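Both complexes below contain subunit A, partnered by subunit B and then by subunit C.
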Partner chain A sequence: MSTTWLPCGVYHETYAQDHAWWQTRFICGKMVLLAVLLFGVIPFFADSYELSVCNQIGYTILGALGVQLLIGFCGQITLGHAAFLAVGAYTSTLLILEFPWPAWMMQWGLAYPISIVAAAIVAGLWSVLFGLPSARVKGFYLILTTMAAQFITVDFIITQYISQIGGRGQAFSLPPGTIKVGPWVIDSDLKVYFMMIVLVIGCVTVLANLLRSRAGRAWVAIRDNDVSAEVMGINVVKYKLLAFFVAGFIGGIAGAFWISNLAAVSPEHFPWFWSLWLVGVILIGGVGSIHGAIFGSIFMVAIMELLQLAVMPLADSFPKLLMDFLFIKEAAFGLAICMFMIFEPNGLAYRWWQGKNYFNLWPFSY
Partner chain B sequence: MGTAAGMKQGDELLALSDVHMHFGKVAALSGINLTIRKGEIHSVIGPNGAGKTVMMNIINGLYRPQKGTIRFKGKRINTLKPHARAKLGIARTFQKVEVFGGMTVLDNIRLGRHVHYRSGILSGAVYLGRAKKEEIEHRAFIEEEIIDLLEIEQIRHKPVGMLPYGLQKRVELGRALALEPELLILDEPLAGLNLEEVEDMARFILDINEEKRWRVTCLLVEHDMGVVMDLSNRVFVLNFGNMIMDGTPEAVQNHPEVIKAYLGEEDLYATRA
Partner chain C sequence: MELFLMTLTTGIMVGGIYALVALGWVLIYKCSGVLNLAMGEMTLIGAYVSLSFYSMGVPFLLALAISLIIGFVLGILTERIFLDKLIGEPVLTVIMVTVGLSFFFKGTVEFIWGTDTRVFTPPVFSIEPIHIGPLIVGQVYLWSFVAAIVLLIVFVCFFKYTRWGLAMQATADDEMAALSVGVSARYVYAAAWAIAFMAAGVGGTLLGNINGLNISVSYLGLLVLPAVVLGGLNSVPGAIVGGIIIGVLQNLCGTYLDRYFPGAVKEIAPFAFMAIFLLFKPYGLWGWERIERV
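Let's turn to the complex of A and B:
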């Protein structure tokens, strides 16, 4: 997708204006409205269920951003992203539960924020490890090596070894009060919501900035044409690994964030299906656009919740529906992807872009 | 910029000596010697399959020859990867355009300046201070030096994949120029262009070779004999991996073996009217 057309009569006189994110007053106004909606309207008017749906969306966005970076911007197809979410979640959990934090740090609520940063770095490095094959293979072969990341990390290392730490053998339970950010104990959907919003805005900003600077251009160049990227002076292997690092980093943040919403962390939270799901999210939202990750997450989570709402009233007369809900969900996922591939292969973000252009250029068609 | 310290016009810029390259049992190049002097336009001609593109790939590092040395500014560069050679100042365009189709024209050219950017991933992530300032400096360079030269102002925000072929070739040239190369390899820059586009492209090549601002040494692979004979200072003729001759355009046109192998008896190489 190229840049959006500016409305008639908007001219730039400096390069800085042309490089700015929000180039017209209208867009600035729109962003202020969005901020009001996110910080002022949703948190105070939504009930606990709606907030939990928002949190689910936020978690999906954080996960999908990493997948979008790898698949959509760097062209490295990955089917093992849940592994890095798991690494993030487990690093954070283990740090909180097992690390001998000094009492003042616990009191100031620093343990969890620090563990998020550590989780992001560990997940980033873990991701680089499984990104190494990308130096040699691409396409279908890379799908298999990233799937290996999923099975080695979650099904083998975490299930067989990490889960044994402390002799529990199953899940790590997170006692109430352990997740504390500064003075706030994260114990309600509302607090999780605020944390989610801050993290999502932070990660989106960082990714968008990267994409308009040196590293981001190198990634897109590798996606579009790796041979000429190499010839133009890009160290392709280095930038591929950097993409894996940043994707794993954001994935680690996502995983570490999600434990605030869980009472216990277990390997079942990070199945291979979740990796596939994230790829589905960006396919529906639009490959190669940050909007895509966001729209796709909203769409997928909303559809699943609506499906649930639709099934509930029917369950009285058809109890089997409730029993089979998991399968209905997966079928809906498959159907949604099929429909999008056929009718809008560019995803929701493309429709959004078209709509913006339409109104910017109105009443002319070009 | 552009010119290396202490290098004068006419000094040896790139030298291939006794370069052998074979794929399995097929010898693509057998014992090539080529010297490119600073400031010249040196053309390579030859029939299809003669090994011209293999030679270009060897110079910018996509292939490694089995035998022989490649020297750039007196330094042996045999073992350097393509991206490292780009840093030294070797840029190229491709026979079939290899642009970044999903990026805008501006981003394609910005990418050509990759080796001149200094900001790292952290300053890029926050996009304050150096990264932001650097983007504007490079933007000014690109607008004033490249977009203006190549006359592509009106398409700067268009994705390159949607442009017609002739403009894609122009963008590819712009991307290579953005590197501010000392040696520019042009692999069939005129293939598939119409007459007007050929004339434009020939003018751009002359501009970047002769204008004081650029003074880029060009290595040109081309089949359009009229253009080759008009533009080149020297012409290198290749056939089945062997050099037939290397000399001035006049000498090449009159060389009996060249005529037999490639040019043909008729007056094909006459300058276009």
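Let's turn to the complex of A and C:
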């Protein structure tokens, strides 16, 4: 399902054309429209609540991209990705709070961007550490080691040790004004939104290009059959670990980004539920496509918000509903995953691909 | 020394409960190849059902029996509605369906019974400890262990000597061959889920008697995973031994390591142990080694 058929009459004369991202004028137009929507329409017409929903979507996309890389492209099932988000968030927070930044760096707002990069690298390396068992085990056993990563990192190391640094108790609160990118202090939903858009576009671009490089082809080969990949001369362990590194790297960026939206960072923001949620997102979106991560994030966040909106009016007559909304959300999420797996196992991205092909090949779709 | 022995006995007794739940898990895996992550929530349902009936004044054994019956029905329903349609799908799909089921069950349980800790009132087992030689053992632990062992024996006999049990063994061994001699694989799958649900319910009820019942009892479902991995995924004796080992390990770590790593060492130790164990013995103690060919 990876190739989208082009309409009749599109010819390529150079390799550059053949490899171009946007191959027809129609696609270019679509992308320009998307850019206008993202940079021109949403930020100026959405209110604060809608922007915060968008930010939530962006955060979910950033988290899900790493999971998509591991599960969808490299075949390494992970149920502990929230651990790497947590490592990113905590690295960034600690760097901002504890590192003796020179005054001019704070002045120019370099501290936060540098801490994001550092957080991404630390999270990547941490991810490689827990990817090491993948050299020997796979399938269900690998799932268990990634689960172990979640419990060891978040519930043990971060809760018991990292949280004690500086004697702040369980949560690290960031004083206002410390999260500063260049001249802008990130203090409103709008500014978080712009940062989110830049990060999401950056990560999607990097990942999409990585996937059509040598490394990307190696990952897909490992996913499809790791024994034959090894027979073909691919260094399986190296590329598996590279996949873990890149996934952790993106996860670290996601975590470090999300602290700009949180008043205080605490281990409760990165529960095991969140790891499973991210896997659910890519399954609903579609495994093995970047579209899948994006559609899944939009769908899941939007559905949950709609569910909340639907429950609100009922809450006057049934106060129990509002109190227990979290549980309804959990049950709905579970049921949604089951239903998608049973009735729509290819995910939303598959329908998108079908629709594109339908219009590209219309009227003779054979 | 006395402390060590005490910890060891407690570990073995709690381990008996883990073994019971692990048995249910292995049963599903052996018969239908489903890696079930909803085990913890299955224990919750069984435990809450028996607690509800018990607090209504139904005698404990009867309440347990009712929860077994409800577990049986729910197990068959779960298999029929969700898992039956997934035969032959990729591993990840099936696992995520069980994850989805676990969220669904958990959300439902929380919605119906809330998140406060509940205890069996009046206590089912007397609080008076029993002295066995130098050891002092809580009655709850002792009776839970006895109940778990009795049930384990019942289940093992069921597999060995009844027609249904033999059909399940045959399916686990070679599905195609079992089909060809007239075993209905669909009934076997449903039976496996029903038995697992029942075992989980008993495990949850016993554990709820020890610590009180709240949502964290579903952690039992996660603890089962190190146990089955330790024993090898498709080995029934492995599950029992693994469950007991994990119980002992957990209690030993809680007693001796808590000083050095304060906090949640008791919860983390099984997983850390499992991650290291897997590096050296990827197929567990008695699991089947798969030789892969292109």
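We adopt the following convention: the second predicted complex is superposed on the first by the 366 of 366 C-alpha atoms of A that agree within 3 Å, B and C clash if a C-alpha of one lies under 4 Å from a C-alpha of the other, contacts with A are read in each partner's own complex, and residues count from 1 in each chain.
One rule holds in what follows: a contact is a pair of C-beta atoms (placed from the backbone, for glycine too) under 8 Å apart; a residue touches a chain by one contact, two chains touch by 3 or more.
Treat the numbers as computed from the prediction; the structure is a model and nothing was measured.
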item: Clash or fit (per the criteria above) of subunit B with subunit C on subunit A; value: fit
item: Which superposed partner A:Ser213 touches (first subunit B, second subunit C, both, neither); value: first
item: Residue contacts on subunit A - larger count, subunit B or subunit C; value: C
item: Subunit B versus subunit C as contact partner of A:Asn225, first or second or both or neither; value: both
item: Contacts of A:Ala148 with subunit B and subunit C, given as first, second, both or neither; value: second
item: Subunit B versus subunit C as contact partner of A:His19, first or second or both or neither; value: first
item: Which superposed partner A:Ile77 touches (first subunit B, second subunit C, both, neither); value: second
item: Inter-chain angle, subunit B to subunit C through the CA centre of subunit A, in degrees rounded to a multiple of 10; value: 80
item: Smallest separation in angstrom, by C-alpha atoms, between subunit B and subunit C in the superposition; value: 6
item: Subunit B and subunit C contact sites that coincide on subunit A, given as residue numbers; value: 225, 227-228, 231
item: Of all residues in subunit A, those that touch subunit C in their complex; value: 71, 77, 133, 136-137, 139-141, 143-145, 147-148, 151-152, 155-156, 159-160, 225, 227-228, 231, 276, 279-280, 283, 287, 324, 326-338, 341-342, 345
item: In the complex with subunit A, residue positions of subunit C that touch it; value: 35, 82, 85-86, 89, 91-93, 95-97, 99-108, 110-111, 222, 225-226, 229, 233, 261-265, 267-268, 271-272, 274-275, 278-279, 282, 292-294
item: Contact set on subunit A toward subunit B in their complex; value: 1-3, 15-16, 18-19, 206, 209-210, 212-218, 220-221, 223-225, 227-236, 242, 246, 288
item: Contacting residues of subunit B [partner subunit A, same complex]; value: 60, 62, 81-83, 86-87, 91-92, 94, 98-104, 107, 110-112, 114-115, 117, 119-121, 123-127, 131-132, 135-136, 139-140, 143, 157-159, 175-176, 179
